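Beneath this line is the structure, given in structure tokens, with notes to follow.
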Amino acid sequence: MRKILFAILILFIFSSISFGAKPKLSRESEDCISCHTSIHPGIVADWQKSLHSKVTPALALKKDELSRKISVKKVPDELANIVVGCAECHIINSFKHKDSFEHAGYKVHTVITPDDCAVCHQEEADQYSKNMMSYAYMNLNNNLIYHNLIDSINGVYSFEDMKIAHNPPDDNSNADSCYFCHGTKVEVIGMETRETSEGEMEFPILSGWPNQGVGRVNPDGTIGSCTSCHTRHQFSIEMARKPYTCAECHKGPDVPAYKVYMVSKHGNIYSSFGSKWNYKDVPWIVGKDFSAPTCATCHISLVATEERDIVIKRSHQMNDRISWRIFGLIYAHPHPKSPNTTIIVNKNGLPLPTELTGGFAKEYLIDEREQEKRRNEMKKLCLSCHSYQWVEKHYERFENTIKTTNQMTLTATKILVDAWQKGAAKGLEQNDSIFNEAIEKKWVEQWLFYANSTRFSSAMAGADYGAFAFGRWYMSKGIQEMFEMLQLKLNEKKQNEIIMKRGGKR
Amino acid sequence: MRKILFAILILFIFSSISFGAKPKLSRESEDCISCHTSIHPGIVADWQKSLHSKVTPALALKKDELSRKISVKKVPDELANIVVGCAECHIINSFKHKDSFEHAGYKVHTVITPDDCAVCHQEEADQYSKNMMSYAYMNLNNNLIYHNLIDSINGVYSFEDMKIAHNPPDDNSNADSCYFCHGTKVEVIGMETRETSEGEMEFPILSGWPNQGVGRVNPDGTIGSCTSCHTRHQFSIEMARKPYTCAECHKGPDVPAYKVYMVSKHGNIYSSFGSKWNYKDVPWIVGKDFSAPTCATCHISLVATEERDIVIKRSHQMNDRISWRIFGLIYAHPHPKSPNTTIIVNKNGLPLPTELTGGFAKEYLIDEREQEKRRNEMKKLCLSCHSYQWVEKHYERFENTIKTTNQMTLTATKILVDAWQKGAAKGLEQNDSIFNEAIEKKWVEQWLFYANSTRFSSAMAGADYGAFAFGRWYMSKGIQEMFEMLQLKLNEKKQNEIIMKRGGKR
Amino acid sequence: MRKILFAILILFIFSSISFGAKPKLSRESEDCISCHTSIHPGIVADWQKSLHSKVTPALALKKDELSRKISVKKVPDELANIVVGCAECHIINSFKHKDSFEHAGYKVHTVITPDDCAVCHQEEADQYSKNMMSYAYMNLNNNLIYHNLIDSINGVYSFEDMKIAHNPPDDNSNADSCYFCHGTKVEVIGMETRETSEGEMEFPILSGWPNQGVGRVNPDGTIGSCTSCHTRHQFSIEMARKPYTCAECHKGPDVPAYKVYMVSKHGNIYSSFGSKWNYKDVPWIVGKDFSAPTCATCHISLVATEERDIVIKRSHQMNDRISWRIFGLIYAHPHPKSPNTTIIVNKNGLPLPTELTGGFAKEYLIDEREQEKRRNEMKKLCLSCHSYQWVEKHYERFENTIKTTNQMTLTATKILVDAWQKGAAKGLEQNDSIFNEAIEKKWVEQWLFYANSTRFSSAMAGADYGAFAFGRWYMSKGIQEMFEMLQLKLNEKKQNEIIMKRGGKR
């Protein structure tokens, strides 16, 4: 009897310790909160739910290394024993920030960047800088071909006298479309004075704001945005580990990872049981904490066994487990060596990792040995729940899908090239956009939508998506349609020629 | 020690009070339940989970005004101290109901209407009657152009002798399609006698039944259906606050609010953390009860701070926070003044809020000042979690998207008008449906699917949906395709003319 | 006071009993686990969460008959008092398995089949063998027309000299596409020796592996795969009862059951409240355990009332509650009598349950009386929560939708037949595939995507999906497009003929 009562007592005392003790907040952060609690109650409440508001770096460093979320060995002394409040991110690095401004007696900046986070999370910032995502804005914006594709999608078309004119997109349209995920360039473009609840105040005006894209170019010169995945102001590892975070940018038909996952056995297990899993602990224990992988499990997280043997190491350079880049440009190809793909030039002088008619721009891409290495890294994880043969044969199918989808893209491209050569459409040689005519747009869908979707479906075993939903059915149909479009255009052209020849003029 | 035991004791006593005390049920409702528990166990069990089965109006009125769900100041004395059972909805207003009938000694009615609910929820019923949704059936059914669109979608086509004939849809098809969400007209069309477990009984036969559409025309002369969102028989505020309720009718490509939400940062936060939120309390406390808005938060709910300062008032006239109507007919336009849009006639005499070639039927639409007012109302909520500049620039982008998507719709419309004028298709001037030819159907998709989707994606910051999934990509592609369709038709026509001229006959 | 403390004590004791007692594991299974815990920690951890690891058959048989998950009356004595571990499935039936092999002193097999599960779940295995799903591989693979459709989807197309060549798909592509869900043929095609952590070992090489498709042909001669729905190694009834399991194969546009469910009122209730439901108990109590049906509720589960009156019996022959087969081939039709549909030959000698131009291959399909019987079986469940009239009128609409969608398919087919007859396309009479030309692929979408989607939407009251998302809009648009394609082809042909006739040659 007494033991039970004692146990209850301990429970009460324990809970009062863990929840009752006030975390130590810096004076600066206290100042922030004193106003902002009423101005932006949602932000403050959100931060209060975060680990940042509860744990000091010094405490975080007391955990054994395998369990740590903090990756520096030491933080500056003045930060060690206070929790991570507003000021610790929005003030300390302000001297590096072009967007910093005088505000209520402090120099603060709005845009938090990988460098700000690196004070405690240096390793992750370093890895992420080698992740292609950090170059997502630059790789898109500084590539003439991709840029032309953007223009053809986001621009405003007009119609007059049987002609279509394409007006280039404005910045707001781009920021609302491609650059929303890829990131914008955020710069201070002026200052403005506003009446606020605390009187008149001056604020910098930011271009490309708001934005949380993965390759955002920041006012402190860094690239990337941690809040893309570690959503402010909880910065929760739980959230980053759930598939909805990746889905923000990986759901559309060009990169349908989320949709494929959700129709896969893995996604089914997650949907059925995921609400009971542990998303908070580091390392993440396979079998105990979760029964099936989420996106993060395979691509980022530190996974270990119950005996704390490491299955796979954490990495924020996500492609180091990925052997192929399966959203082809225009074919699936070995992963680029450098995250900066603007340096790539193929044999025909185009800024593409593959030739238009197949073949890889090899010198810019990882070789087969590196592919093998990355594949093996990923397989370690698969083997936690699958037999050797299961894993090998899964990869065999996946590699086969890469091959066949590339063949299908080649076929579509050959039809298009034929159309260009026979005057049924205008392409590169005619110095025309390769994205503006109907047959060209159809061709884009062949590789960007259908071949990609088929490959994602194969890579992540979500076959239902790759069959009828948005994969093989449309891929094979599209080729036939492109072919009949070409036939029709050529027949139309020939008839016009015959009629003109016979009639003198039409 | 004693204190702890005392606390446990209090807990036990408290729980036995709140869960143990039997709610007082009317004799009439007891009668209903005595049979229906075995006939429809699911209905009774569902109701037992509802607040209606547990709280009397008198108790509900004891709550402070801000926390109340009941909105009348007083209910009829005979209802005050009994819970809301079967009879309280299905009997008390029966004298107003044309669908009421003798049943087991009572006059009961099947179809519960806003007037029935207004006995306790008058304010919500009043607001909803000013909400365009309440006119969803009438606005669709009584507008010749919309009606023609419905016919072209739900009708049965036949093919004979190289001609397509369109047969108008039957009522069942319409009820299963457009009117499922918009609402049907429910009328008593006869009586039938049926053998039941309680012997022979007589029941009214209802047209348009079952239906829970938002603009249902009810047998008591009212319009609307509270159960569209407050699903019978739990009538749970929790359910109405979750996005799945809105998704029942706002998921398709014409109004993809749910899909956009789910791919937005808000949707991600909801999906990741929403299972831990409090959906039951009134007012709904930002930051404490929830960390990101659901549909209801922005469009309906009473939101307050922890200090119980009102952030935004509850409204069942949902458009009073909405400045633009973004699912265009055929362009996005300022919100109509009246929920009854059948009164609208544009300059060309068409029952549309915009001209076919751009421009608004201004006198029927709210002016810029009212737009500004509604925009500001919504911004109050945004500012709970976002900075002033964030919110302003978000709206700037959104307004820009309205402008550019309207331009894109104009371009598509110009192509179609050209087709009509040049005889490549038949339109209004030829006294033909504007929805029956392939190029016209393509045109419908331009504004109804792609421009709408792009605008939803912009309004709710779900860019992934508005880029490749179902927005700008298809919008720009569609214009090019319409243009090439027109070119082809004109060339075909010209060739035929030349051939006929030259040959005398084909 | 004492009573409370006593209750707490009882609780403690009880929980130590139920969680603390070690289940008895066979020596063979202990052997398996001793190595595989470290080799495949995820598998073992998953199994440990299963009921199999906790309950012996003898204990399972002690439950009252209505609550049992085990369906045999008696298991072999040697299995009765041990839990179901590795060996109990992977060893005991090995003598029947062509894939069995010597492994660490045991004869084991990898592929678990319905016969293995039947040791305890005989009734379910028997029912499933009458379920069309068990024939999913054979019905697809052994039907010339379906096979030709597969080839046209999964094959690799090439383009040379203005000709498209179709190369038949390889086995990996098929296994990654159609056969992923339908099942593959798993056979031992050789042996391989591998270096493992336990030294060199020999393993059988399996064709068509991995696969968990519903109609898998197994190395022991059986067909089907229980793990399609009862995912290894938890084999959880909870998971099978949740809609994500069915979604693995029923989400695409050909059978969009999941998408329709999720947009229906039922799906909304599930999404809003489902996390609070009880998915574990047998029988499943309507109203108490759940408030709205999932897929399993309507199609498989044993449902009862709180008084334990059976509402509907469990069945793994899922079509015994289904009167129509609504994913038409090519029309919706009464359900086939035999799960083996390869025996069906229509009047025109085609292996199809309907004629190309409407009409049923009646002798192979259930008659109206059987349809009525199955419909009534399903209605029992509907009536748990819906009134008689609600249910009747729902079915009236559904039957009407079957009629109108079949009419729409007939219209599309007539256009295609006209195209074949007039030489605008090549079909059966020209001894050509009916799936390779653009107009034929459009025709396939008419019945396989749009008519099916409309019917699913009608059957399960998810109207939003059947209107604009993927139903009536596309169905009516597609007919018009097919018609204009035909017009264009015929005009093109006629012009070519005239030009050729006049000019002697083109």
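In this document, chain identifiers A, B and C correspond to the written order of the chains, with residue numbering beginning at 1 in each.
In this text, a contact is a pair of C-beta atoms (placed from the backbone, for glycine too) under 8 Å apart; a residue touches a chain by one contact, two chains touch by 3 or more.
Bear in mind the structure is a predicted one, so any value in this text is a computation, not a measurement.
Novice: Over half of interface residue numbers shared between subunit A and subunit B means same, under half means different, so which is it?
Specialist: On the two sides of the subunit B and subunit A interface, the residue numbers are mostly different, under half being shared.
Novice: Fitting on CA atoms only, what is the rotation between the copies subunit B and subunit C? Please report it in degrees, nearest 5.
Specialist: The best-fit rotation has an angle of 120 degrees.
Novice: Measure off the straight-line distance from the CA centroid of subunit A to the CA centroid of subunit B, and report it in whole Å.
Specialist: About 33 Å, centre to centre.
Novice: Residues touching two or more other chains, restricted to subunit B: which are they?
Specialist: Expected reply: 5, 8, 275, 488, 492, 495, 499.
Novice: Please give the residue numbers of subunit C that touch subunit B in the complex, ascending.
Specialist: 1, 4, 262-265, 267-269, 271-273, 275, 286-288, 291, 305-307, 383-390, 393-394, 396-397, 400-401, 404, 407-408, 411, 414-415, 418, 457-458, 461, 463-469, 471-473, 476-477, 479-481, 483-484, 486-488, 491-492, 494-495, 498-499, 502
Novice: Would you pull the subunit B residues touching subunit C in the complex into a rising list?
Specialist: For this pair, the touching residues of subunit B are 5, 8-9, 12, 38-46, 49, 110, 152-160, 162, 164, 169-170, 172-173, 175-178, 180-181, 194, 196, 203, 205-206, 209-210, 212, 231, 234, 236, 238-239, 242, 244-245, 247-254, 275, 436-438, 441, 448-449, 488, 492, 495-496, 499, 503, 506.
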